[in-house]
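Labels A, B, C and D are assigned to the chains in the order they are written; within every chain, residues are numbered from 1.
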């Protein structure tokens, strides 16, 4: 059964939870190849942008994601959610904000916001839920040192 | 604020709702270009597969999606959700099941299941929420004839 | 230096060479996600379609590409070329024809034609050049049994 | 017939032509979603990177590509070629160099080089041939002001 993604211990923010303070922000521009015949960025591309956000988030915490995989640990995506609020068009510049909502050895929830360059308008928001697996795909507990790094707020 | 996707009138199925009876099913095969370095289909591709399901669902109801756009109506994606249960690998054959969970002039919710070929194992499940907009992006009410066609259970 | 792709021993067909007789043909439909804001299939997608053609070509010869990789052999793309003649739009059905132009232990050249469903209009044509490498990326000679299978004309 | 791409007036560089002096260079990083199960960037992605190069090339000449389309002119891709020399892996940083090889009202040829960050190693090289079309897809002559801007060497 597909339980509602936010029932019980919601992986997503609850009704009035603000976006976490300890986010990292990167700038992106919409590629021509990312548009569709509606003239806007296709819905699937947002999941790629979330992934770019995760990559830079992990790097900012001193644990580049590539290094995690080199240790035989894979943070597979167990769930993805995106709410599309405003369209993005070819060549638009925008910000991707990425933060960790919750993390444990068993599950990590990243949350994302796409904002216009002035930071005022929310373009999209979403989350991804991750579990750690080994090379054979068996679920494992995230090693303590990786967990600590991802969980540590960035000291700017 | 990002309200939980399933609070109140859940766009997703509630805790024990079964997948709708009136689904259409198509077969797909994982492309090499759809894999990533984990050796499995990348999470973004599932949104493309959901879209393939919608395309065939609309066609099966006698209202090809291209015909909807030719009338100046666009069913934009307002939300997407996917739960990834089992990995898919290059060249794997699988089924995509697509159904309408709820539909009104204002909002249409498609639900999806990806299943193994024997129909026994759930690979992934998810939903997309759509609103109708006109050429300028203004939200409109879905015309009654289109609504009726999409809402009509398929008579096989 | 980038030598011209067709000088000397052209990997592509020479001026008046016909498309090889022993091609395999598959049918495809343009996905919505494959269109761009011009309203046509994006140029990069043709390389995915060529790849689908190769997958089915190898399967038709009794040597599924996945089996080749399971033996630790990878047919990496060393060159790709595509000439785009007619646009493809969302939901268009078309044929992909795939054949082998030349093959040796060192190099395999696949050629492709995209045709309208009546077989009369050429949509696009191109080729890809492949070399075999092992798991570490070192160039190897294609094993004789694989070479023989790919080189054998299909007996329909 | 598919004539050889470089016969006669080669759209590609001839045997010993150097890469044009008046290129622009941008930095990119390989996205996780751009890798495939070989663990390297998929061959189709290079066409997206070439496109990013064109976008920044046009901007550097004072004629953003989006402005060209706003005038109802589309620079469609008539041919693409890529030679893949060295693999790119997840998170690799590299340079994309873009230049115009030839330009006339009828045809524009962009050439590309992907280089490692030290500028010493060629990762890939290629070209794309473009013709200008109007909104209905009819071939037109590129307006003189656009042609002049794209043809003008960048004064750094």
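Note that a contact is a pair of C-beta atoms (placed from the backbone, for glycine too) under 8 Å apart; a residue touches a chain by one contact, two chains touch by 3 or more.
Keep in mind the model is a prediction, meaning the values are calculated, not measured.
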Chain B and chain C share contacts with A, D
With centres defined as the mean of Cα atoms, the chain at greatest distance from chain C is chain A
The chain pair with the larger count of contacting C-beta pairs, comparing A-C against C-D, is C-D
Dist(centroid_CA(chain C), centroid_CA(chain D)) in Å evaluates to 22
Rounded to the nearest Å, the gap between Cα centres of chain A and chain C is 36
By the touch definition above, chain D meets two or more other chains at residues 32-33, 37-38, 44, 47-48, 51, 90
Touching chain D in the complex, chain C uses residues 1-7, 10, 12-17, 37-38, 40, 43-45, 47-48, 51, 69, 74, 76-84, 87, 125-126, 128, 137
Per the touch rule, the chain D residues reaching chain A in their complex are 31-33, 47-48, 51-52, 55, 64-66, 90-91
Given the complex, residues on chain C that touch chain A span 32-33, 35-40, 42, 44, 89-90
